[in-house]
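Chain IDs A, B, C, D, E and F follow the sequence of writing; residue 1 opens each chain.
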């Protein structure tokens, strides 16, 4: 319960002190959470769909919306990679290029997969990127 | 220092446990932080501009990019207002409509103002929304 | 017949005299008419589809295009709500926030419903907004 | 006064009876009215700007927003030309291609001109298109 | 083999010497090739789909992505027609309006057809436009 | 002269034989050519502007449009990097990540620079990518 009541403040006030250049892996992560949530719901359309649509309709919308969300994941990750990270970061984290390449490829794979386990892998790839991002911010 | 080293984890893992329907006021906030950062930098173009552009060029880009960021703030707030909040929330928080209206109007005002104090007001409006959002999530 | 021959002029010349700030609920309405027309056509794909596509293909396109049109309805309504309406309007029409909230929620519902009766409700919600809009313009 | 009180209803209910395929030159016209309104305001920035921006800032925003509005005019006109009009319309109105070409070129010219007289020419070009459109609808 | 090894250089260096105003029918063509490739793949989903999706899912994605690509074809063609071509070109090539009208209509037809033969007709229409374009450039 | 008359055919028919997966570095290159052309024209606004705009207006539009074109360059490069290139390509071209990172950073730098020499560097970075791309296609 404590955790729940604290989380909001953390999330909302997390980046008040950004000095300049506002970047945040949360943007990619939120979209990726959406991707995974869609993969979850795709598994059980009858549970999630509303009365005005068939299970087939619901699934078609899942695919369509996931496509867009996965594109947003890519976009946010690409921006971080190209715009935020500098040569000095790369020296310290030589795996950075490969991490981003795999994470964006995983976002591409999310368009072709309805399996939430795939979405989980995408989230984990983003968290690896996020971990490094926050290390560079607190350095 | 402890604060700095903890923040990353909080931000990156904050919404792992979202059940379904991924909404997060952080999306509006990140864009609003960008708006305020641009207002700050607009004040001192010679400090921030690169060698290949004049102070006038830099300011023109400030205005242009801020316009877009402020639009994103609006978009994210509108989505929260229409898609996330339900009649039961409104019963408990009758000020909700007014809050969102003022917050999105503040985002509109941000296009016309280069004053970081205005951007700060926008951030505070978003945080009021965010506070309610997280209360409804932990309820 | 007179009505038909007059309508064009009315529509085309309707807003020649806008003083400043060009807003028009027609933008939301046109998109909502498109939403309803798609719901209608979804009911009878064999009647509407062309030779090069199956009924299933046609319906998938209905869903996809309706999703986008419904988003446009929301966008146009949100802009009216935040950008056009002022506190003095709200004093005179205290139901304004609720009207817009319900109208944009109805646009969201249109994504999940293939029933033209739902689209009709969306049109009526927009017309309620439109009625107030034009009253404020002629005031 | 009668005119003012009637106009709303006309605009709002104008296209209730569209049979299928929702097209309306009003979409292009509304954006073009916005273009012309911006050209008007550009002439007197001190009158229109808010306290938080300079006249130069205001004009930069005029140019930027006009660019986007003019693009929307083009987009809406192109859609009408390619999607709505059929070979039988062209037989009856052989000037159609030329009209659309000139109207979209005028929209392009609007990006490069701050003169409201230019915006007026754009509006007139759209009205020529609109006149034919409504003739084909009432035929 | 010679052809294959030469092609890259041609494509990559083709427009180095553009004087001003960068237009290139290749933009429309690349999107149209994508349209046709999707129509091809739609015919045999089991061959092309990945393990994480059904044949139905794959086809739904074909339709959705083709819709977008066909829109890009239209956009690029419209821009060429309105922005690049001048009255003097039209005098020399009086068929220009009709060519563009048919080519963009073919792009619209591509949304409704899964037949690669239709996509081939779209490519041929673009190549007719392209032939004239390059004649005007080398004139 | 021979070169000029041949170029069209090459560009227009260059990719007729693409097997599946339509990628082409020409998309990034065309946008980058536009970036450089804008930098060139920015140098001499009085030569390029039309009668309806001031030199300042013209330059503001240069900055605004270049911003968008540079974003397109990034987008097209990112897509090539993530979607086209496969691990086996990376084995053969271990410099690939670094090339793309620098090319997209150069596209970012183009937003901040009015110097055509910078645009030339962007074009050269894209051509390095393009050279490898076409080698992998003809392999």
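We take it that contacts are C-beta pairs under 8 Å (C-beta built on N, C-alpha and C of every residue); 3 or more make two chains touch, one makes a residue touch a chain.
The shown structure was predicted, so the numbers you read here are calculated from the model rather than taken from an experiment.
Shared contact partners of subunit E and subunit F, listed by label, are A, D. Among the remaining chains, those touching subunit B as well as subunit E are A, C, D, F. Set against the C-alpha centre of subunit B, every other chain centre is closer than that of E.
Superposing subunit D on subunit F by their CA atoms means rotating through 120 degrees, a value rounded to the nearest 5. With respect to subunit C, maximal separation of chain centres occurs for F (centres as means of Cα atoms). At the interface between subunit A and subunit E, under half of the residue numbers appear on both sides, which makes the contact a different-residue one.
In terms of their C-alpha centroids, the spacing between subunit C and subunit F amounts to 40 Å.
Averaging Cα coordinates per chain places subunit D and subunit E 28 Å apart.
If you average the CA atoms of subunit B and of subunit F, the two centres end up 33 Å from each other.
Distance between chain centres (mean CA atoms), subunit C to subunit D: 19 Å. Chain contacts: subunit C has residues 60, 64 touching two or more partner chains. Chains that are in contact with each other form these pairs: A-B, A-C, A-E, A-F, B-C, B-D, B-F, C-D, C-E, D-E, D-F, E-F.
The residues of subunit C lying in touch with subunit B in their complex are 74, 78, 81-83, 97-98, 101, 104-105, 108. Listing the residues of subunit B that touch subunit F in their complex gives 49-50, 52-53, 57, 60-61, 64-65. Looking at the complex, you find that subunit F touches subunit E at residues 4-5, 7-16, 18, 20-22, 24-27, 29-30, 33-34, 37, 40-41, 48, 123, 127, 130-131, 133-135, 137-138. Residues of subunit B that touch subunit D in their complex: 59-60, 63-64, 67, 109, 111-115, 118.
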